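Got a structure for you, written out below as structure tokens; questions coming shortly.
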Amino acid sequence: MTLYILKRLGQALVAMFVVALAVFLLIRWAPGDPARLMLPETASKEEVEALRVRLGLDRPLPVQFGWFLKDLVNLDLGTSFFYNRPVAEIIGLHFPRTALLGGVSLVLSLVIGIPLGIIAAVKEGRLADFVAMGFAVIGQSVPIFWLGFMLVLVFSIKFHWFPTSGTGTWQHLVLPATTLSAFTMALISRLVRSGMLDILGEDYIRTARAKGLSEALVILRHGFRNLMIPVVTVVGMSVGVLLAGSVVTEAVFAWPGVGLMIMTAVSARDYPLIQAFTLFVAFVVICVNLIVDLLYVYLDPRIRL
Amino acid sequence: MRQMFKLHGVFFLLVLIGCLLYGPVTRAAEKGMADELIIGATTGLRTLEVHWMGAQEIALNWHVYEPLVWLDSDGSIKPLLAESWTVSNDGLEWLFKLRPGVKFSDGTDFDAEDAAANIQRQVDSIVKKEPTSFAFMYADVAKVEVVNKLTFKVVCKERIGPLLNYLSILLMIPKEAVEKWGPKRITEILPGTGPYIKKSQVPNMGAELVANPKYWQKGLPAVSRLTYREFVEEATMVNALRRGEVDVIQPVNHEFHPLLKADKNITVESFLPYEMIFVALKCDKAPFNNLKARQAFNYAVDRKLIVDTLLKGQGRPVGAFIQEGMPGYAPQLKAPARDLAKARQLLKESGYDGRKLKFIGPPGWYTATRESCEAITAMMQEAGFNVELTFLEGGAFTNARLTGAFDLHFLGSRAITGEPQRYLDERVVTDLYKSGWVHKECFDLIKEAGRTIDPKAKEKLYFRIQEIMYNEVAPQAFLHQANGFYAYRNNVKNFKMLPTFTFYAPGVVKYKE
Amino acid sequence: MLDNRKVISERKKKIQRILRNPRIVWGGLVIVVLLFGAVFAPYLSSKDPLKQNLLSRLMAPQGFSGPHLLGTDSLGRDIFSRILYGARISLTVGFLTVIISGVIGVMLGLFAGYYKGKTDSILSRAADIQLSIPVIIMAIVLLAMVGPSVFNIIMVMAISRWMLYFRLVRSLVFSLMASPMIDAARVIGVSRRRLFVKHLLANLWTPIIVVTTQQMAQIILLEATLSFLGVGIPPSVPSWGMMVSQGRNYIETAWWVITFPGLAIFVATLAINFVGDGLRDFLDPRRRF
């Protein structure tokens, strides 16, 4: 096991190197020069060139990449072109807000999605099933900003339960978290239902029932683990998506997270910020996937890594 | 088991009721003065560096850092930190007398050395090849001399016609900061002389300002806290106003007027901004290197229809570029009316070969922009142009403009200095956006206008310049000037927006609802 | 002769079972209607979806009493027409993206789950890498480079979506590979190809179909988000996502501009999901009802 984890961490380093290289090249291919975009439009060619030299953009690409790696090793994420402040500070400002929103959304989608799926499976074909799956399908079929605006219209403008936007109190969190969690919640509930139905038809369930164990125990003990595999997969994938920040939710609810941060950064071609942030996301995603893979082993002991 | 459910159920119900009540309870308030004014806007605050700001950032920041003079809504220059000024007969020397008793919020005096340092910083930044946003306005300044504690002199190499207008957006920072930072972008919050002190500024979120007890105008500001909240989606901003989470919002698009006007707690006001919407043409490449093709474009676009429908009549079609309210406004150059037959005829005569033209539009947060671009594209196609519209992303759009990779592009121009010289210097003579248009007589006139201080003489020059550009339909075809709108809750008084898109909040009073 | 009849009646039974499933029937019907609308759009609506008429912008739906069945948008274009023509774009984009990303993801997932070891490591890390580069960044940069067009958008979205299939299939293949059924098949000496198709894929249809059907709506909505952010389908082409995005400021003042395309997306997705569910019931070998 330890060997496996070490091996994975080694691979993680390689993966992160590839991410760093890929993003480094990708953003430099996009049209638009950061120095040109930073200076007032009246700046002359010489002035743009001078800024490029100061920022190190005139050096050959391998040299720039080398500097980037060197800084990384020293745990220096560089200075943002756009904000002229350390990148770590900028990310540190925005990330906690996104983490909060993303975390609460994920928890919400699990807490509501899993029970919903179980109920739908157990009461298959009956009203509860239709209602639950109805909600699920709706949750996956509406545009996020439409859902967000609708929630605001109903729960904020009509009934003054929650604020329309911004951050601060837990009330500010409810509507954006609900909006962001809708899709994942629906997806999880459907996967859980589908998995549960498969399991409820399994032979070993019939055997367990025949043995006389109570229904609930049967479901929980024997079926749960297996159906968690696709759920865990989805959760693992969602973390990556949520981390990068749902730009739309952040825009609709004026929630200043990393989604908006990265949008501005890309528009301004803020190379250091884009590179550092992507690397950060890569790191978290790789860690999460490692945990997910370890969970697979726990959930299904038949899996051999 | 059932008991437990009952208990949990009751508890849950109580929590739910508590949440529901929270709303109404917190809204209860007595009449009286509220001490915080919250302004919502869609412009982001990207920097703490006052000499590197765009127009709308200046709108907030001049509540913290003041300029020497300011531009009133009628276009006149009014004293602020400078009490009075004179200009020598040859127009090369300006003498400024500062207001006594002004202090920075950290207690140090504001004097002529500070003012001189600020102006000198712009000049020096050119030399050091790290120009500030406004450096080019001071390119013709030879030196700045301090005469005594409250007087300083600006000596120019050439006459700078709009110097006062330029100074209206140069915000004053302490000379110690100038010494410390030089032309490098400042990344810390500095003390200013204004009615507010900037407590904090968070990217993508906004800024918090608190009243400056040392402010030189006694009794101001009326509201002790000013919060600026940034929004990305206009609809969200509008909803926040409806719920009372912000007190003022600007700008507000026409789409939301019915909503806001129907709300009894909200007032919507309009102002005439110094903003011109235009389509820039690439004049050094076919087809627009031919006057007939440019004229065809002019007759193809139905300016009046766009204003009447897309802007709901809140604006005016224009032909010449100096906006109403600015010196040199030439209403005699009327906006051309649409003439489809003429447009088709002219286009044919120009020898247009049907090549697909690239029309680029700015990134699409604002619907009115998108609609105008699409409408114009359709109108052009009716006249026989083969044109393809693409909306580019921010960086790509700027890049395309600055490298001339377009046949047409759509943009608006704001005259935050309240005068047209800057626009003419940048977009026509220096040809920032690579339109490729050259016209010796026009360029000479522009240069001369830049050197003219006398307003009457200036006006004559601007008329002639606009006439040439109007007849040549170059380098831009001007479409319309649209009204600007802002909205505020009824308990806010004295909030006003100026044509330069700035607002002035110290005198704003807010009562509790 | 006896065999032929048996085969025919087996097939008949299968068809009967399909038709008895209400979800497949109704979902399929709706999809057929949408496809019909998309293909025969020019005959169903005489209005040009691109024709602007600024004087009749934001007109409320008139039903059959006026020229504009569902009203007009902010440039005076007929909404009903735009929905029909938009169906072509949205359905094509959704379908092609899902097919491309699905094929890539499932194939790679099979390889990773079956071969494990080094193959799995490389492919999994590739998926991680892909996942770490935020879709938005990649989309903006790529589309800035190659220019916005329907084809480019399909490719960009497909490239950003294969990982979901990959990880799902991979994890399920892991479980399957450990099951006695597979071991037995290998002992017998079943060829790898047969193993893949008959034993692995056959058991993977269910989750793949569920995920695929859900992805289609996401793709259509992602396309709307990209339009929203300025890098979507060019304005010369009507698409539901673009219509929803353009109508977002009119939610309260001109509800029809955003509601009808939103409904179109919703109905299409619902139908696809129903068909997916129905197919799942049908294909699952253990289900008899």
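Per-chain numbering from 1; labels A, B and C assigned in written order.
FYI, a contact is a pair of C-beta atoms (placed from the backbone, for glycine too) under 8 Å apart; a residue touches a chain by one contact, two chains touch by 3 or more.
Being a predicted model, the structure only gives us computed values, none of them experimental.
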Most central chain, Cα average position: A
Pair joined by more contacting C-beta pairs (A-B or B-C): A-B
Rounded Å distance between chain A and chain C, as computed from the means of their C-alpha atoms: 21
Mean-CA-position distance for chain B and chain A (Å): 37
Between chain C and chain B, distance of the C-alpha-averaged centres to the nearest whole Å: 44
Chain C residues counted as touching two or more neighbouring chains: 140, 144, 228-229, 248, 251-252
Per-residue overlap in chain B, given as positions that touch at least 2 other chains: 233, 235, 363, 393-396
Per-residue overlap in chain A, given as positions that touch at least 2 other chains: 30-32, 145, 149, 153, 266
Chain A residues within the chain C interface of the complex: 7, 11-12, 14-15, 18-19, 22-23, 26-27, 29-32, 137-138, 140-146, 149, 153, 183, 186-187, 190-191, 194, 198, 201, 226, 229-230, 233, 236-237, 240, 244-245, 247-248, 259, 262-263, 266, 274, 278-279, 281-282, 285-286, 289, 293, 296, 300, 302-305
For the chain C and chain B complex, residues of the former touching the latter: 50-52, 54-55, 57, 74-76, 140, 143-144, 147-148, 227-231, 234-236, 246, 248-253
Residues of chain A touching chain B in the complex: 30-33, 36-37, 39-43, 46-47, 50-51, 82-85, 90, 93-94, 145, 149, 152-153, 156-157, 159-161, 163-167, 171, 250-254, 256, 260-261, 264, 266-269
Residues of chain B defined as touching chain A within the complex: 19-20, 22-24, 27, 44, 46-47, 49, 52, 129-136, 185, 187, 202-205, 229-233, 235-237, 239-240, 242-243, 245, 363, 393-396, 398-400, 402, 426, 430, 432
In the complex, chain C residues that touch chain A: 116, 121, 124-125, 128-129, 131-138, 140-142, 144-145, 163-164, 167-168, 171-172, 174-175, 178-179, 206-207, 210, 214, 217-218, 221, 224-225, 228-229, 241, 244-245, 248, 251-252, 258, 262, 265-266, 269-270, 273, 280, 284, 286-287
